[in-house]
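Just below is one structure, and these are the notes that go with it.
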């Protein structure tokens, strides 16, 4: 497989491969980020950080069903101060680390980004798209072009790091929002966050299982929606897209790239294929590329568009 | 696999001590000593517990009254239903001529080891006071200790283990209890060149290795553990020192 | 199981059981409706009818994936005139038959309903929610409270039949739209139509598989979303809800009823469990009800709400 | 099961007649005579075809140039890729000492029956003219007929079958071709008390029984058929009379 080259340049960041661990999956500690890197991820994303510490929702917070996963963790995180301590000397991780930053007000995002700015993060990702946490994302009206534009440009002003805006698959006008982010200075779009929310009821308990009742749907169920979002976004914006949603095999990753993604994120598949999923997906991609005459990731991006 | 709780009916409750009750229910479960399950009390919360009794489909969970969840658990009556999912995690690697060292409720995950190994195991069980000692009628000739000496050896399980090691050797030591105690048991075993397996406790969310909540120096206690051997623990700086709160903050344990 | 009674009264229609065949599944001919009835459905729905005949999209129009089904049939139908011939003497079917009516303009709905009015339909269902057919549903802006209200009241004026409005799971403000339908005289809400749209790309062909490129996602992937929609709708409207989306077992049906549905629709599961799925689901429901001390469907509806 | 096309490379093309080409490709397929697959030409359309050759993983599809899709199909060259999903539908129930009756391209689904039954089968194959006769080098001693008599018996396959039945009996008759012909073959077999299985053709969409497009009197040709026996057909009024268009309109067939 010598001539196959999986490396990419994502908004100025050099990655050994295009497979990134999605935010909220194993991104709680520096030690785990390092473990994920050792397991083959081209870059890793930390669990989203807010100004104040958050305990998140009570358990159950994460369950699975026939078609994927349902979660309402509720953005539990130690707050920016503690997080800045946790994520010191990030070069130890071995691959680029992406900081996921959340907030309720525009000022919150600024404070958190500033609080983390002394650390060696390679990029900042801002999810404006959580479907199940009051005060954040969709439930805080951050899923509109205006809010997206305001928050993006505010953060743009205070950091030189590549800025990724993470969008929801729920919103019909996802392209409008992506354009707003692009115009406001975003360097990439991460598409998508979890979908829904959805609900699963235990019929013997006669109650929704998640303590928050509803949660975001991820995994296989989300993939066709995520692929469609990325396919549309590829036509709408010029900045690169990080395709996330239901990717668990090399074929899925290739499909996402052909839809128009320059890199892919993996979350739920860690459950289905273990922490080694990052390496597995890379190997499967290389094999397929070899069999189908592709040498570089670049040749695959957008291949499904005529 | 679908990770959702199955509702089971509590069919029996046993008072093990003033603060520990064992709740019994019937369920087909492929459980190995060391693993754990997540117990759901609808509208309240879901938390990890080990299985302390298993005979066919009769399963028992011993619960120490400690805070909000376990207090609510103790209010459950025969006939009430609770949710259970799992089992999760790695098992103990069982070997005859071994020793289990259980501190307080830490005896619970070791109880099924004793059932499996039968006589081939020495049981060291300690607690602060006599009333907190568990499973006295269940296991004959346990080597007991209490800090006030009211029952058995006067001192900690570590002190007692040290005493016993002076005259006796074991293939392996299995231990569970307060993490400071576990740390010292591991040290002791290292000094005596005895293999040691430890069951750790961390706050958990998913229980199946995706959320990262239960991290201990890069190891996910829910899926890489909860059982770790001395060699693995030697690479985990957080062991005996740091645990992670619900909010993801590092705190001393 | 003698004392178990699955019969319900849905907006005035008497059903032997609450399991209805969803529109677009085996609803093309009277002969097939009858076959579905013989296989245990409590009521059946015809494939949606427009004024003019429609060939629909080219194949591939229906495919499956790990988590369900993706379809863009494109409302193929013979038009109201031919449909009126096809669906004569509906009493032969043996169970209540629901007419699904689509249109682009308000007048279209009226013409079709009038065209079918001489037939023995038991109810009229109006999907304002197809995510993948230009000129109809979401792509015609019918997914707004105003459009919903206009179309509903227009049809309300010209028919005495129970009127069901079928909604999309995509729309965040689904409850607002449902209320608009209720206020405009709808007798029930059908929730939900297919979700998305989604896209699946064949990576060797380097093209989306569906000829229309995108299609509606149904089956397991949709269930948690549908359950959540019905759970919310149950609190928002007083009229009964027909819960549709990913139901393939008795447990799924019970879950949907507990979320607040008075009846359930089944589509994709015909693929997974065969045309006998209607009878199977009824038997599984009866068994569960017996084991859990429920005698009637009524007792189950909304049970997940405190 | 995931119902999506798999792309295969055309490895050989054989001209069976001026208007029929057989396209070969390699694919592992559990195919039984009577079943069909859906062939996808990206950016164009997807249509049902039977498999007319199968030797291990070498598979052949014989295509009659008829309209837009099959004309495009005929333009495919060796090395081009097409999509295939399936197989779908019910198989023929094979019995020795039987007879296949194929009208025109209707010979394609019967060809694999002949391969399976070997010598235990009589082959009746007819076409309008000699040039339309298929598989002449493939099958020895076929009983041929043409409407103009240029080759073999002068008349239709039905006329020829009637002739043969005067002196010969069969366990079963398997037939495929224009539906009017099929209808008369079924009548003929009824008169002679011979079992008969027919492969029907209807416009298809899903191919797996959910969309209802392929209805024939309440039977889904894609999954309840395409093979039906005489008894089943006797309950299907549409057989020989009505087919359903892409738009779902009933038209005479």
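Which chain is which? They are A, B, C and D, in the order written, and residues in each are numbered from 1.
The rule we apply is simple: contacts are C-beta pairs under 8 Å (C-beta built on N, C-alpha and C of every residue); 3 or more make two chains touch, one makes a residue touch a chain.
Everything quoted here is computed from the prediction, not taken from an experiment.
Grouping of the remaining chains in the absence of subunit A, by touch: B | C, D.
With steps allowed only between chains in touch, the distance from subunit A over to subunit D comes to 2.
Spacing of subunit B relative to subunit C, judged by their CA centroids, is 51 angstrom. One finds 67 Å separating the Cα centroids of subunit B and subunit D. The geometric centre of subunit A is 36 Å away from that of subunit B, both derived from CA atoms. Each of residues 65-66, 200, 204, 207 in subunit C touches at least two other chains. Not a single residue position of subunit D touches two or more of the other chains.
Contact topology of the protein chains: linear, an open path with no closing contact. Going by the touch rule set out above, the chain pairs that meet are A-B, A-C, C-D. Subunit B contributes residues 1-5, 7, 38, 40, 42-47, 81, 83, 85, 204-206, 208-213, 215, 217-218, 220, 244-250 to its touches with subunit A in the complex. By the touch criterion given at the top, residues 65-68, 70, 138, 170, 172, 195-201, 203-204, 206-208, 213-214, 217, 219-225, 227-228, 231, 246, 251, 254-255, 258-259, 288, 292, 303-304 of subunit A touch subunit C in their complex. In the complex of the two chains, the subunit A residues touching subunit B come out as 24-29, 31-32, 34-35, 47, 53-56, 58-66, 69, 73, 76-79, 82, 86, 200, 202, 204-205, 207, 209, 211, 267-268, 270-271, 274-275.
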